[in-house]
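Here you go, one structure.
By written order: A, B, C and D. Residues from 1 in each chain.
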């Protein structure tokens, strides 16, 4: 595969990247590139609020599509985008990069191979090294749709199961500005799966020791869990103890290998003419879980995913009436 | 300290133990020993339903008391026992043995010393190697009052904080007989603390790899966590992987050191004339959390501890009227 | 088994210990106790230079004998003691306590069970937390006969093989007073076994992080290795790294369990009427390896154990002539 | 930097690689490329016996040179090549790739920063997953010049010290064909450093659990050690134990990152006009240690590096006379 063009509303940024990787076509309007007949597929990496429109335009132009998560924060717009993709008969892959991390992949493969028997408990620890600016939090849809969404997708992926109910206990402990922006930065989440299995996720926007990304699946025949990756394995012992390295600090270091594998998987699926390994429906479901999480925080009780769908349908109906 | 007598309703069992450790006084009625003027303190290790009565009798007899958890399953009877202890002016220590485990103690000491800053998230994993008979489950008060009660106490201990609300997602996945007896065997529990911190506990009655007892406290300045103890540290590598030992199988192995330290702490407190390190109120609070957990399972929503107290007061009032 | 008497040239020390453990018979002369008909077995824990004489006296008195290592530093005196034991038909167990450490035992059992196939390489790390006084070094026979002797015995034990040749590269890096006393405090030792396998031992009299006691056996089908034991398993993460506990500091902590198992094995062998698990010949062989190590340091070349025996025989012959 | 041409006596192989990476100039004679004025630097990756000639030709042509280890197996030819490089005033970097491995680099940096105080003991474990064909062993100069040479260089690198004496206990335990070819496949090596520190290396040509590459440096103030890298961090627990991944299988996986860093360091040194981080003298010294190791195996005694130099000088003198 070859990069044939780069579009960015900040055309200077597009030019810099194009220069670095030796690409000649640059634009400030992605529709210009979508019109190019020598472009087969597009990577949609723009800001979240543009994803749905770009995906619809790309699908309409007959391009194969890789879109960074989330597809959109609004289920109606997600459904519109998915419908456009279906109508156009193109492929859409959602950028849940962690599915391609070798450690998580190994956990999932072990579960799929029956290494833990029937999965009964899932435990995800997902803590960022430091919080984003409160400004970002406002636009991103909040912690559940921006950060935890990866964990919701991972829960479905490693368990090969669907979430039915979500309960959240959340708090604003890290940065008051995040609270002022109406969001939380610390949470414990309980998931109920269709199979009867139960999962927990714990999130924090600030782990001073770095990016903490661990998964554990426990079942009738055992347990499988990964550990964090470190930049080196050296351990130093002195009179005060044994000292080991911090984890790789954030997603650019932790998931660099995953990003490469992810793109290779997208290309491989296009070449084979098969469905990409993460589809639009996966993107939608993670958003539904995230919305249920938000509703749980507001209501202080567990929320079933069917309630999110019902609310959406009701809103859509109201919208239709208005 | 010297063991001066052993009472057991199964007097044969009392005689066997007395023979092993060289004790001459044996009885099938503990009140006989409670009447002995040369006995200063008693260890109440009988079945749960007798604890409150024996504690009341022992307190009335002026003995110092160590009582295995739980004091009782009924808050009214617990309060009666605690009142008897207070009236008699004797000391009462509750047998939360895990507080004396060197690993958990280290975790708690690190938290108390500020090593994690302000505690924000607690994570307790507590899984038994294999389920008890369903018959036992019926008499024991169920998983929350029999097994998780240790975790509830541990939560208070390591966080040095009070639980205010409990949410439970539980299931009967391990043994149908446990479900038939009206209990659960798998659970994810969310705790809210007075400080605003949040905790999770995950429980299973069956971990095929052995007794899984881990605690992690995460806070504004870091994290502290223990690992399971193993009978040996040897690792074996062959063409299929690296293989390490299972954890110590169950509480008799895992907590053998804790039991010894616990009794020494009881004796030391009596000699120093100070309050024992785990008091009757600690025993009561763990029961209240356990009852809230049960109410959460029944109601499907988070339950505040104040609701348990209100229910108890109402029941007591009804009882007073009757 | 019951302790029936304690003899110590420092009779005050004997009295203090007797008081602690409730023993009434105390003496400043062990021969007094050896004459007692109600004593079946003796534990010889006096200073090294007295071991051979006490063992001979005890054997002559028909007592079963546990003797702390080494039996003696002189092979002629060792042989005399072993002959006395044989003549008397009593059992003699040598106190190589590390054979009873659960971790080393597991390594050895794995090797014996074929888990590593044919053993090819052995690696022992044996480092003390801090050096003994130079005064002690002079009397103890030096590092090889006092400290490394445990590693020499362990090499024979885990490999179930005999050492044939020893090469040592040693130095005085830790404490100049040890060098002034004619000894070394740092060494790398290479062992050649009868089977063709090769082993290394590295020693230091000072590991600032504590007692470092690790063994690794590598063979045609894999590897088995232990790790150091720590007082707790808690790990603390902060912005500077992950921090874990130091090993148990020295032999009293590291091998407390081994000492208890060792004595139980002695008693069990006596009761069963079988050979104790560590015999006089084991004690002798470790000394021969230690002497070969000393000869290697002096000569700067590898030394075969047969050279030690030849030297001893020559000395004995000379002594016989004199 | 840009690859401007590829030469290989197997010109088909050169063409395939050129096609893969988009290079147009291909030759079966490296002298053709050495004559090209638009080529600044060359990577010498041909078979060992051609290294010296190609380096001399490249130096004469004024090219900057990266040469895979070893420069040659003959000290006379190494000296001739180094002299040619000096005369030409070009830079020469030797391909000791392990110096660029992040784990070993961290160990070395910790030692250089004083984290272990004065280094006293070094321990290198270096075991290949499976032996090379005996045919290769014959041409490669044998285990010490082909495999252990990396460890000899690593010893100098992490200790920042020079080896003065080598003792080897070696055996042919893995493959009889290796023995028939006059080589060994299993070894324990003791190094004496100029500082007085002591090191051990253990080697095997076959570790069934994969490539075992560990270093430990122990000193007056502590210890630093690395662990093996694994393809994933997942651990699986079942009723038989805890199971973890094998190490990355061999040098292509283990050192892929190191190779990239190594080449970047070569380019960076050329651009900065500084000496490359591994020079010709480093290549020569590792060979001298390797030859001393071979002499130790033959003679059964420790060999000083000065003996190797004396032998070489004598041979050179004889050669000059002949």
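What to note about this one:
Keep this in mind: contacts are C-beta pairs under 8 Å (C-beta built on N, C-alpha and C of every residue); 3 or more make two chains touch, one makes a residue touch a chain.
These figures come from a predicted structure and were not determined experimentally.
Judged by contacting C-beta pairs, the busier of the interfaces A-D and A-B is A-B.
Comparing the CA-atom centres of all chains against that of chain A, the greatest distance is found for C.
With centres taken as mean Cα positions, chain D sits 43 Å from chain A. Our note on geometry: chain B versus chain D, Cα centroid distance of 59 Å, whole angstroms. Averaged Cα coordinates give chain A a centre that lies 40 Å from the centre of chain B.
Counting only residues that touch two or more partner chains, chain C has 208-209, 221-223, 237-239, 245. Taken in their complex, chain C has these residues touching chain B: 102-103, 105-107, 110, 115-116, 221-229, 231-239, 245. Contacts from chain D toward chain B in the complex involve residues 208-209, 237-246. Note for the complex: chain A touches chain B at residues 117-118, 120-121, 123, 125, 127, 165, 167, 169-171, 173-174, 186-188, 190, 192, 196-200, 202, 204, 206-209, 212, 218, 220-223, 300-302.
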